[in-house]
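Only one structure is covered here, and it is reproduced in the block below.
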Amino acid sequence: MSKRVIALLTDFGLRDPYVGSMKGVIAGINPETRIIDITHEIDPQDILGGAFVLYHSYKYFPKGTIFCVVVDPGVGSHRRAIIAETGDYLFVAPDNGILSPVLEKENIKSLTHLTNKDYFLPFISRTFHGRDIFAPVSAHLSGGVSPQLMGETANYFNKIQIYSPNQEENLIRGRVLYRDRFGNLITDIEEKDLSGRNIACIRVSSLRDGDEIIINKINQSYSESPVGDLLAVIGSFGTLEIAVNGGSALERTGTPHPAVEVLFDRS
Amino acid sequence: MSKRVIALLTDFGLRDPYVGSMKGVIAGINPETRIIDITHEIDPQDILGGAFVLYHSYKYFPKGTIFCVVVDPGVGSHRRAIIAETGDYLFVAPDNGILSPVLEKENIKSLTHLTNKDYFLPFISRTFHGRDIFAPVSAHLSGGVSPQLMGETANYFNKIQIYSPNQEENLIRGRVLYRDRFGNLITDIEEKDLSGRNIACIRVSSLRDGDEIIINKINQSYSESPVGDLLAVIGSFGTLEIAVNGGSALERTGTPHPAVEVLFDRS
Amino acid sequence: MSKRVIALLTDFGLRDPYVGSMKGVIAGINPETRIIDITHEIDPQDILGGAFVLYHSYKYFPKGTIFCVVVDPGVGSHRRAIIAETGDYLFVAPDNGILSPVLEKENIKSLTHLTNKDYFLPFISRTFHGRDIFAPVSAHLSGGVSPQLMGETANYFNKIQIYSPNQEENLIRGRVLYRDRFGNLITDIEEKDLSGRNIACIRVSSLRDGDEIIINKINQSYSESPVGDLLAVIGSFGTLEIAVNGGSALERTGTPHPAVEVLFDRS
């Protein structure tokens, strides 16, 4: 049996036995496969959050990794389940858009509508296809079964949009797409949006300290600013991140979704 | 060394180094064994909750799995520790009833009172037998040591009861045994209790919207009901589950322990 | 490739994809290594808490374990990163004191200032050296690369102090260094500080029930005291622990940092 990695990304949390049951199913089908948790703490049913996290973490996994992605508010309905094969990876998920940011970036080699029950558990519950469908399918893929044996070729996948900063001549209006445990606020403004331009300032709306906070430059590190000050940095997601040295930008601004605007010098 | 799975189920949480220390101990004794977490977020000292979660997840693990189950309010007292061997599995736990729902369902091949200190860590703390006794014993079992070498045959195990819906002629009065991260309320009413009977309605008591909410049928999926409506479905635990499409039944009813009654048509 | 264990200890939490990305990087470099989480729930940027948890858990891991310890408020600044080699273990961490309690106890065989970018990811972010430096370095170490190839010999490491009970003739004034999920309050008073002396009583300050609570002896187990009573026990960290049978000492005293004093009989 192959030792391919199965990377799990779900909204199941770690309190309930859901993730453990998925891993039990996988270990029963392919004892050699290695399971790595990306996270299980996507907000319940937050497809956009799951898409964002997947998009920013998948490339750190080894070639051959099978991503088993289950944020599935439509479980048990007629929503489709799909397997997407790219140059380096396989992705298994409900077809609700959660894979779309990755698939629009990658070269898709095959797309399969998952229908062959031979690779599911014998009994399929109505509410937990993570355990009954996505886990066993991922385990069989890790063992070398071809996606083409698991269903029919699909012609499309559903799409959602996660990146859309609004660009004007001397201004980019960004959004905060994600806040992490440190209270860092991660925007949709990518490093390339800023390159080769002189930044006049960054405006961050705030529910505290008046309407907005002005940041004058982009830091090289958190600790370059005084402790407690709001700062901007190109974070580990490759986008502009609003943070506080030794603190939380979420607490500092009082909101998880401040408006973030980058103003450039007129050229 | 064998590659058997050790499945861990505890109330230790993931904040403290307790679970990591157990895994370190296991890896030191049997480097080949595979460790899978069922969950560590059983409410502190909640034996009933641990029993429920184990009962509903163990069968998803491969044959040969060793379940190391530690919810142990009596640690350091004279409570016994036991190993139970069934047709497919081994279970290691304090003898406080946490194994009883599984053991009453399975065929017990052997029951051992765990006393042989050769298989414990050299120094036994007074408060953490998970690390000092249950982890090393599980690791030695995974390496092939016979349970019979680890203590004397036991003649009984302590019992607790988790399933007891109250059945009358045209009525089942159930209880909510578990609520999950999605706010789904999982009852003790099993699918077989309902089969072959026409359901008139399901009554769920509520602290909001008046005294109770009436549900008219059992869904095939969450999404079959309008978003926000309270619904009933046979959930992934195999029992009647009260849920909300796109929301939380816990929030909708305002209580983690509503009364749930199924009324049948008079036959 | 070697099957050495990499033990991870961070403040990254499990909500974000940070830990998963680190594991993906490790699996890509050394597919055979085994990863064990100590915990990722160190309070954000709490170096002292991380040092405490490491100090009390590392000895439960097998010889050869590589500890990848990332609590890193100075990420991206000029703080150094180090590898410390002891008789049994390797430790990789920012040089902010987090390793110091362990290194002052162990015999240091080599200390390396981590500078060789050949063992880092090709692109180093400004904010996430866990993924870009500490994970790949740990993976290369697990594969057998010598620490000496990864940088220059270092002559010192930064120190912090976690143990400092104040001892007078018939009195030890301790501090609570850690509270766990059960609300147990773990002090810095070690078992050896108490041995061979007759304890008159233990005084625990409280925000409830008057100014302080008197405990008359050290228990052998939690359950030796009546349910609800504050008690003292030598806990699993090897130090005096204040606890409540069937409850939480944190809730009982109303404070995570009560003063704890042990009074001895005059000899």
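We call the chains A, B and C, going by the order they appear; numbering starts again at 1 in every chain.
The definition used in the following text is that a contact is a pair of C-beta atoms (placed from the backbone, for glycine too) under 8 Å apart; a residue touches a chain by one contact, two chains touch by 3 or more.
Just so it is clear, the model here is predicted, and its values are computed rather than measured.
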If a chain touches chain A and chain B alike, it appears here: C
Same vs different contact residues, chain B with chain C, by half of numbers used: different
Inter-centroid spacing, chain C versus chain B (mean Cα positions, whole Å): 31
Junction residues of chain C, two or more chains touched: 14
Residue ranges of chain A touching chain C (in the complex, touch as defined): 3, 5, 7, 9, 14, 34, 36-41, 53, 56-57, 60-63, 65, 180-182, 184, 219-224, 233-236, 238, 241, 243, 245-246, 248
Chain A partner contacts - residues on chain C that touch it in the complex: 12-21, 23-25, 27-28, 31, 44-45, 73-77, 79, 125-128, 131-132
